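Below are structures written as structure tokens.
In the two assemblies presented below, chain A is common to both, partnered first by chain B and then by chain C.
On to the complex of A and B.
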């Protein structure tokens, strides 16, 4: 089930919220409702793999309690072994379902053998919830958090439906307290509704619109793509991926608030970054901070000299790429960023900051957009060919009628998208919604209701409503 | 002066108030309205959906709407049940038609000119975007057609693949909108045909008459006028000498809303369907088809005008086999392999053949060679529109049929 669907908004959500609010205010009961709702939510899309998830919950629940027991008994070694083995099990399950086909395909390609295999369907959201359970196990071992002794609460944490299929990766330490103590109020619900509608609008109105432009452009042959068309396509995808992913995160934040949770923000106006390093501090924050905390720093971070730090960065970024999907273009995409980050860190250093601001933005956006070409292309060859077209190699000239057609169709949504990538409007919203005058607040609410109405219209006749994270 | 001072101090005071407190107080009403409006509108629409009766059929979308699915263990395991339930909720959503119209309106406002595979062109012309064909299927069909031609050297075999609106009405497309080059397709088809098949290209002639309304605005078919112009261009190639030029024109409906309106959700225009009766001929004929063996003296189905698809006024839609026996004595029998474009074209052919046999390969499973000998066929015509022909998956099977 995806959030941006009529069924979720008008059937699943009201039923779940009604039960959730009606059960007596004991967090165990609320958590039980949350757990059951999340299992239904997951089973809706993965009726078989929900068993896999239940197993995962069981193993990590027992593991957490066990590690804590060892630590309390002073048996450090046993705790370490338990921690490593449970993380290994989590990774093995993730690896098996996500990378089995990819690994065998490459082995078959390299070695003169042919191991038969058939590609397994990837359980949706497995990368997100596995990373959550790993963070929990490691944090218990590091004694950053206490083990969760209620299997219901733990289960509710792992498969909480707002962040289950498209993040953010909520770390246990961030919600530990909220799991046993959180407040529900009319105001918080309304705030959540605002966040949800903001995300819904981003996904349905902007991401889908830009996505359909991108898909139409990709459907053209290379020979019919001019430089102009290629750039519009690249721009359209850049907008699509941000508003899609950012929209999901906003919806998750909103749903979380309705259930009484506060999640950390996952996107912080990434396209306003002035360097690629800054971009990654603002893009999918929960993922990059996860890798920093659980891979980069344990590898030694930047403490072992430049050589080691570069190695660590490249390892982390290759893994980050691989996390996005089991395919070479994702690995190259990760390494592409690893290399850029190394260059920024060790070669450019402060020099970048001395350029005019406009140049810094242009530099960052250029690299990010080229990165998205790599990310979206089915193969590396196609990506390179597309980049070639963007710079006038192999296309149909600088601009043609087709390019102008696409410019016309995505001019209005494109400009709106570009503006909404920046804090320009968002910064002004609180002046209306939090104004002292009542009529301004009413007007603010009207804007969001308007977004809701239009989004609903687009969902009722959803001829194009893709889910981008099926490979994550 | 005093007033001014007081105002200043008020402002100062405001500024000194702790930010958080002010915000919380200020946004409370907003949050409450949001909560009430969000929960209220969801409940209202959900309840209305529960209370209002389900619809079986959507007139605007021209399709059967999903009904409440039956739960089964298998259905749940393979997700069919979930998908059906989601389709049900979406199809039966309150005021579905209104939402769709509203969406199209918003799209138009945003500058969008493509709706679900349909372009909205000049003069409110809706034009279906041709699909990208599966090359292998096209090659297979052509091979079968060439083989058929080889085995039937004594027949006059013609192929007329009619370009779609996007090609003939190029100038009506949204400026620069990308479409498949059907002229190139036609050229490639021509090159691949066996020597004894003559390819009839009507594109240029139709383009000359493009302002006459050769295609429906709301439907993917050509109009009777379009068929007439194509007939004029094709008559010589079909071996029809001195074709009739005078017709009585009857408008049978003025509120035709076709497949493209349904598909795009754009309902701002209606079409007329016209029927052409040739003057200066006494020809009479009897029609039977594989779905109705009762002989009738007309190719038109009046009842279709009250039905879901008024284009079915021609022959009552597609049938596996239609047989028309006329009172002509020309010693010519035409075997026609066709799609629905032929349905409004065949009336123009009636005065020139003793018998016309229409085969729709999508529904026909019998032996074609038998038909050729039994009916003493003299002429064969393949009549399709380009989009259907390039995406057809049945011609080869029918021609190869035992």
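On to the complex of A and C.
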């Protein structure tokens, strides 16, 4: 089930919210409702892999209690062994489902053997919920959080439906207190509804529109793609992925608020960044901070000299790429960013900041857009061919009728998308919705009702409603 | 002393529970792998099952270039592709079965199918009520490394046959 579907919006969500608010105000009961609703939500698309997720919840729940017990008994070594073995099991399951086919494919390609295998379906959300359970186990071992002794509450944390299938990766330390005490109020519910509707609009109206432009361009053969068409395609994907994932994250944050939770925001206007380093502070914040906390810093971070810091950065970014998918283009995409971040940190340093602001933005967006070509292409070869077309190699000239057609099609939604990537409009909205004057409040409500009506109309009529981050 | 022993036993107990759960997890994964339903299904039998269910046994599959024309997909990129194309411009009935080489291809195939469906819906919008109804009742299924798409008056039966062919 996805948030941007008629069934979710008009059936699942109202029913779950009604039950959630009607059950007596005891968090254990509310967590139970949340857990059961989340299992139904997950089972809707993955009936078999609910078992996998439940077993994962069981192992990590028992593991957390066990580690805490060892630490309290002063048996540090046993706690360490338990922590390592549980994290190993989590990573083994993730690795098996995500990388088994990729590893065997590469072994078969390198060695003169042919190991038979078939691809297993990737359990939806496994990358997200596995990272949550790993952070929990490590934090219990580090005594940063107490082990959760209620399996219902722990289960609700791991498979909470707002963030189950596409994040944000909510760390246990961030919601530990909220799991046993959270505020439910009309104001918070309203705030959550606004976040949800904003995300729905981003996903349905902007991401899907730009996505259909991108798909149409990708369906053209290389010989029919001019430089202009290739750049429009790249721009369309740049907008699609932001509004797709950013919209979904906004919906998750909004649903969390409606259920009384406060999740960290996952995007902070990334396309307004003035360097790639800043871009990654603003894009998929929960993943970047996870890698920083649980991989980069334990590896030594930037302690131990430049060489080690560069090594650590490249390891983290190769893993970030690999996290996104079992394919070489994702690994190269990760390393591409690792290298750029190293260059910015150790070579460009503050020189970048001395450039005119327009140049800083242009530099960042150019590298980010080229990065998206690597990311979106099914193979590395196709990515390089597409980049070639963008720079006039192998395409159909600088501009042709097809390119001009796409320019016309994409112009208005493209300009709207570019404006909505910045805080320009969003910062004005609270001035309307939170104003004292009644007419401003009505106008604010009308904006959100408008987004809801138009998005719903689009969902009812459209057959094109993909979601990019599902495959991760 | 007794307290310490009880604590030790309690921790051991949790350890046993965890090991038990890991064993269950391993059994589940082995079952998932060993099940091999998807791997065992060959393209020929899948296509036979769905064409029989849709009553298309007499029809001939289209040439590979039609896959490129209709869906923008290059059949050579996949393990196997079978397309039964519409008979003429006013016909919308078609069947596509793609056996993927790797699961990462799933998204691009699904996007191509959605694109094709969108184009067809736009083509018949407003005047081809019957065609639009058939297109709207399309069946799109993914099972392991197979993607199945059909627009047909017996699409539901074909969809069920597709599912059954893996059991």
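A few comments on the model shown:
Simple rule for what comes next: the second predicted complex is superposed on the first by the 471 of 472 C-alpha atoms of A that agree within 3 Å, B and C clash if a C-alpha of one lies under 4 Å from a C-alpha of the other, contacts with A are read in each partner's own complex, and residues count from 1 in each chain.
In this section, contacts are C-beta pairs under 8 Å (C-beta built on N, C-alpha and C of every residue); 3 or more make two chains touch, one makes a residue touch a chain.
Keep in mind it's a predicted model, so treat the numbers as computed, not measured.
Taken together in the superposed arrangement on chain A, chain B and chain C clash.
Judged by the touch definition given at the top, the superposed model places A:401 against chain B, while chain C stays out of reach. Once the two complexes are laid over each other on the shared chain, residue contacts for A:216 go to chain B and to chain C alike. Of the two partner chains placed by the overlay, only chain C lies in contact with A:58; chain B stays clear of it.
Looking at the shared chain after the overlay, A:326 reaches chain C, while chain B stays out of its contact range.
Applying the stated contact rule after C-alpha superposition, one finds that A:73 touches chain C and leaves chain B untouched. By the touch criterion stated above, A:105 is placed in contact with chain C alone, chain B being left untouched. Taking chain A as the reference, the larger set of touched residues comes from B, when chain B and chain C are compared. Once the two complexes are laid over each other on the shared chain, residue contacts for A:346 go to neither chain B nor chain C. Of the two partner chains placed by the overlay, chain B and chain C both lie in contact with A:48.
Mapped onto the common chain A, chain C and chain B collide along 62-70, the only clashing stretch among 8-16, 62-70 or 98-106. Where the contact sets of chain A with chain B and with chain C meet, they give residues 48, 216, 219-220, 463.
Interface residues of chain C, counted against chain A in their complex, comprise 4, 7-8, 10-11, 14-15, 17-18, 21-22, 24-25, 28-29, 32-33, 36, 38-39, 72, 77, 100, 102-108, 110-112, 114-115, 117-118, 121, 142, 144-145.
On the side of chain A, the complex with chain B involves touching residues 1, 5-7, 9-11, 13-14, 17, 44-45, 47-48, 186-191, 193-194, 196-197, 209, 216, 219-220, 224, 400-406, 408-413, 430, 433-436, 438, 441-442, 444-445, 448-449, 452, 454, 456-463.
The residues of chain A lying in touch with chain C in their complex are 48, 51-52, 55-56, 58-59, 62-63, 65-66, 69-70, 73, 75, 78, 82, 86, 89, 93, 96, 101-102, 105, 116, 118-122, 212, 215-216, 218-220, 325-327, 378, 463-464, 466, 468, 471.
Considering their complex, residues 22-23, 26-39, 41-43, 45-46, 49, 76-79, 82, 85-86, 89-90, 93, 96, 99-100, 102-103, 106, 109-114, 116, 132, 174-178, 265 of chain B touch chain A.
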